[in-house]
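Please read the structure below before turning to the comments.
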Amino acid sequence: MDRNRKQRQLLALPYVLWSIAFTVIPLLVIIRYAVTDKDGHFSVSNLLAFSTPVNAKAFLISLEIALICTVICVLLAYPLVMVVRRLRISRMTFMLFFLIMPMWMNFILRMLALQMILSNNGILNMIVTGLGFQPLALANTKAAVIIGVVYDYLPFMMLPIFNTISDIGEDVLEAASDLGASPLSVFFRVILPMSLPGLKSGITIVFVPSMTSFVIADILGGGKIQLIGNIIEQEFTRSTNWNLGSGLSAALMLFMLVGMSFTIKDDILPSHPVKDEEGEKKEAPGGEGISRRAVL
Amino acid sequence: MKKRILAAAAMLLCLPLGACEGKNQPARELTVFNLCEYMDPKAIEMFTLETGITIKYEEALTAEDMYTKYKAGGIDYDLLCTCDYMVRRLIAEGEVQPVDFSSFEYGKNIGQRYWDYATAYDPGNKYSLPYFWGTVGILYDTTKVHGPIDSWDVLFNGEYSGEIIMQNSMMDTYIVALKYLGYSLNTTDEAEIRAAQDLLVAQKPDVSAYLVDEARDEVVAGNATMAVVYSGEAYLGREYNPNLDYVIPKEGTELWIDSWLVTKNCKDPDAAKQFLDFLCREDVAQMNFEYIYYSTPNEAVLNGLSDEERADEALAPDPDSCQNSEICLQSDAATTELLNELWKELRGN
Amino acid sequence: MKKKLLDLVSRFYFIIIMFFLYAPILVMIVLSFNNSRSRVVWGGFTLQWYKTLFSNRQIREAFFFTIGLALLSAVIALLIGTAAAFGIHAMRRRGYAIMMGVTNIPLLNADIVTGIALMLWFIRFLPLGSGSVLIAHVTFNIPYVILALLPKIEQMNMAIYEASRDLGATAVRGFFTMILPQLTGGLLSGFFMAVTMSMDDFMITYFTRGAGVNTLSTMIYGEIRKGIKPEMYALSTVIFAAVFLILICVNFWPSNRKAEKRREGII
Amino acid sequence: MENIIELKNVTKRFEDDGSAAVKDFNLSVKRGEFVTFLGPSGCGKTTTLRMIAGFDTPTSGSILLDGRDITALPPNKRPINTVFQRYALFPHLNIYDNIAFGLKLKKIKEDEIRKKVTEVLEIVDLAGFEKRSTSTLSGGQQQRVAIARAIVNEPEVLLLDEPLGALDLKLRQVMQRELMRIKKEVNITFIYVTHDQGEALTMSDRIVVMNKGIIQQTGDPVSIYDEPQNAFVADFIGESNIIDGIMVRDRLVKIQGVDVPCVDTGFAENEAVDVVIRPEDLDIVEEGAGFIDGLVTEVIYEGAYYDIRVMAGDYEWHIQSNMSATPGKKAGLAILPDNIQIMHKPRSSDEEIIEKD
């Protein structure tokens, strides 16, 4: 068994080498810039710049937008995945294609099209006013940025969840309802815990990049929403202060890795996800601690 | 189709080899680094056809991106086309070599006025060849404004609150405020810069959006009444919506010039000069003008324009309206850093 | 009755989401027939962009390069990433955490940071060309493959594999007959994500490419300032229609339907 | 004993093509009974079971539990539990949590749950396995957990859907005895689905033989085996020689042109019938000494008996005998009259046979 394990670990070798060559070393390049000042002397001021009011504010807004977007993606993805199961469109490949196909159109083209839909005189407002409602002021707002990020990342949340859920045998779900679980408890006690690995991947793929998705903020947010990604980009280009840009980047990375290490530790959970707390019927739904409802 | 993809794949695999190819072959070749969409591809083909010199052509989104990639040194570029302050910086860093433009067959096509402008960043016109130029001004919808638009004031007096689009780029935003306040846009005086900052912060609630590339479209589409744009953008905007007009405010503005440079490591300076001379030739300049529609410094082309076109502020600003205008030079590091910080503050506000 | 209602609600929800995902695509398709170079002005219906599209050499070259790059980088990433996912799965806590950390780095960094860092590193030993772009794309594609596969592997029944090993199957045979079929979904989504990321990338391609190397993405970014050329919308529409047709054909191919029925049929 | 489950005129049609999986099914199951649905795959036995469990709803007809109509009740509200063919354990839960799943949903107190789980683990012979993960168990162990998970809820009826299908022969036999023991211990009504006639004969109180959605015969194992009511049952239960015959008159049937005495009466004269003879009822005798002669084509020693094939005319007879024969030689076949089963030819296509699986 142990020897087997060792052998299996060796499979990661090409990736280890590849990532040392093309991920870790370039990362070291960045870190070198991060811990030196413009004259090449050691300095942590670039890392600490993370806490200046302007940068911290951008970071908090990024965090907020990334959180909101991730939660929305999760909330949209689960019902969608469940619907796909229900509709018995059992051809997974077909569904995968169908969901990811819009993503094969160029990102910028999609964002510009989305902007045309959301803008003040845009298509959405034409429909809304056509129906006799007040036009929506979505253009150049945080809401527009959130819509854009959700639009861009929803498929990336859906795919990993879909993958784990599509694998759950129908008989396992039947077993749960046979043992007395209502459709809701089947979801919260079986489907959700079993899809946790996929959810984890989805959150990583959505949450992390949405913090730095400055192009969406520029196009849909009208440049009024400044994400940490915008600042990093500016430091690297307009102001050519690579040291500061690297410092902010490294600090962001550090923050995320620390945050991530908690979720990695948490994966003891999937095997025994819930110690049942009696009588705890109503918790606020949301986030990963989605409440498990009482049985009907 | 499948074959093509396979061929492309095969091409990719061979590339590290292919990259060395150029060094073994005697064929002449130039590596040209230009800004995006800044040359008619037909011109390149034509040059190769005429001279036998092949062109490896790359484009950069911004002058800064170009600088970054050029400075990294991974590719030996022969020719660069970049903007005024970047030219100054490259000259100062000794990255470019002097060129004797008087030896050019078609050099005289470039009007003296533009050589004079260029001395601001290239004293003595030793290094750079003006390519296209223009101004920063206000593009507005004549059906939506009340009263004449001739001053930056309309952006700051609150009259058009929520209908204004500013540039999402640091310098193009600050020059507006500095010029409006009557300062030089190359000022290094912190007090003046901070005054501009206060003005912009106060203006922010009135601004609908800070955009770069989409600013023009927003005015064309009627989502905004006015936008700060480059003159070339304004020309294009009016092509799509005849109700639009462009004005260079009376307080003056930024006058920008993009120019060609020959790098210090240029492998074949003669070929490079040949290429620049080629760009000055009437037919080539005409072709590029029609492709780009920015103001051209090529008098041969200008002479061929209709009267209407020549009267167009966006296409051919006359010397008078440029009177109060300056070329942005991005003076010293401290000022740049200050502007940077203030810009981030403004955007994050 | 209740079931009918649930059916209705879920169908409605599905349609809404699909509309959300496809609305911008519809806009793009409409723009491809717009007889105006500006995206915000409708200048009447035209097919001219399709004509000019096919006669434009730059677009054609960029198109084939983009597709080739996307497929090749996705396949390489799939090979390395699949092996890596198994390796990582077999690791204990610390190794697992380190590898996952490394995997997250390309996701974590803003593209421009990754792009510049790779460029600074490449220029020391590798001429910037299309080879360097390929390496860069593989690098940022691998994490998507790993993230798509790892949940599947964690969920997978390793016992079957071990049983097959017990029964004398070689490791390779066991892998191809027992493991791979269980991973199809993960492999596919990893591959799709990789292709998507590769096609969408601009920044990293920009900094790691050599002169003369163009992808559709770099072309489109370059065009933003002067307005996206309508040919790009036409090209997108063509790609979309092609993929869509293939998809429909594959799904409604008679033989597939029969197999489907058989599988879903009587137990 | 009162009826616990009653199925009345239950029909299930598939939505897509309208074909019937189960047709006009009527059955009463008594409390404490062990009833087995037996038939080839596709015969509708699993569909019937799923309707009792509540996973499928009948197109028409009704299902009664204790006299109460439960036809429309969802599975989670039926006091019926199921043991699935592939166990369907929850992979994200350990053994304890798997078994406690149903009890937790019923909001039973934690210490009560613990007690019950420990008890049931003892019943299925897995005491001390609480903390193990399901993936560390063998197939047989997983099946025990699946059974424990179901019976811990003390259901009125336990449904078992080919629960031993995935196990190897040896384990299957052990588990058969285990199941019978557990049945005795918990005294719950069992409804068991299988396509394995041996399993059905060993364990059941009553067997329901099904084909093409229709009950072919219902009865205790002995009557099903000894007195199959039609050729399908005869063929499906155990092995049989089924050959065309003509009823010459009462107690005389013509097989392959030979008149053979039998005990059956009540057929029309010269009626075409199916004649069913179990292989073990045939004896190998000297050439000419039996009712028919044939060429011995194959002899296989099976331990307890010889498995012999004899070609007579165009029919290959199958014989299981403790007497051997020599392949290539002629031999005779002998039979006692009361070992011959005479059956009417099937009338409708529904009764038409014989799907070998």
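So that you can tell them apart, the chains are marked A, B, C and D in the order they are listed, and the count of residues begins at 1 in each.
Here is the rule we go by: a contact is a pair of C-beta atoms (placed from the backbone, for glycine too) under 8 Å apart; a residue touches a chain by one contact, two chains touch by 3 or more.
What you see is a predicted model; the values in this text were computed from it and never measured.
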Chain located farthest away, centre of chain A as origin (C-alpha): D
Would you identify the chain whose C-alpha centroid lies closest to the centroid of all protein C-alpha atoms displayed? C
Between B-C and A-D, more contacting C-beta pairs sit at B-C
Distance from the CA centroid of chain B to that of chain D, rounded to the nearest Å? 85
Centroid from C-alpha atoms only, then distance chain A to chain B, rounded to Å. What do you get? 37
Distance-wise, how many Å sit between the C-alpha centres of chain A and chain D, to the nearest whole number? 53
Specify, in ascending order, the residues of chain B that touch 2 or more different other chains. 65, 68, 212, 214, 218, 221
Would you please write down the residue numbers of chain D that are in contact with two or more other chains? 91
If a residue has to touch 2 or more other chains to count, which residues of chain C qualify? 39-40, 116, 120, 155, 221, 224
Of chain A, residues touching chain B in the complex: 54-55, 57-58, 61, 112, 115-116, 119-122, 139-140, 218-219, 222-224, 226, 230-231, 234-241
Note: in the complex, chain C contacts chain A through residues 6-7, 10-11, 13-14, 17-18, 20-25, 27-28, 31, 39-40, 80-81, 83-84, 86-91, 95-97, 99-114, 116-118, 120-121, 135-136, 138-139, 142, 144, 146-148, 150-152, 154-155, 184-186, 188-189, 192-193, 195-196, 199-200, 202, 216-217, 220-221, 224, 228, 232-233, 236, 239-240, 243-244, 247, 250-251, 256, 260, 263-264
Touch list for chain D against partner chain A, complex: 53-55, 74-77, 80-82, 84-86, 88-94, 97, 101-102, 104-107, 109-110, 133, 149-150, 153
Hey, which residues of chain B end up touching chain C in the complex? 4-9, 11-13, 15-16, 18-20, 31-33, 36-37, 41, 56-61, 65, 68-69, 72-75, 77, 212-214, 216-218, 220-221, 233, 236, 239-241, 292
As the complex stands, chain B meets chain A at residues 62, 64-65, 67-68, 168-170, 207-212, 214, 218, 221-223, 336-337, 340-341, 343-345, 347-348
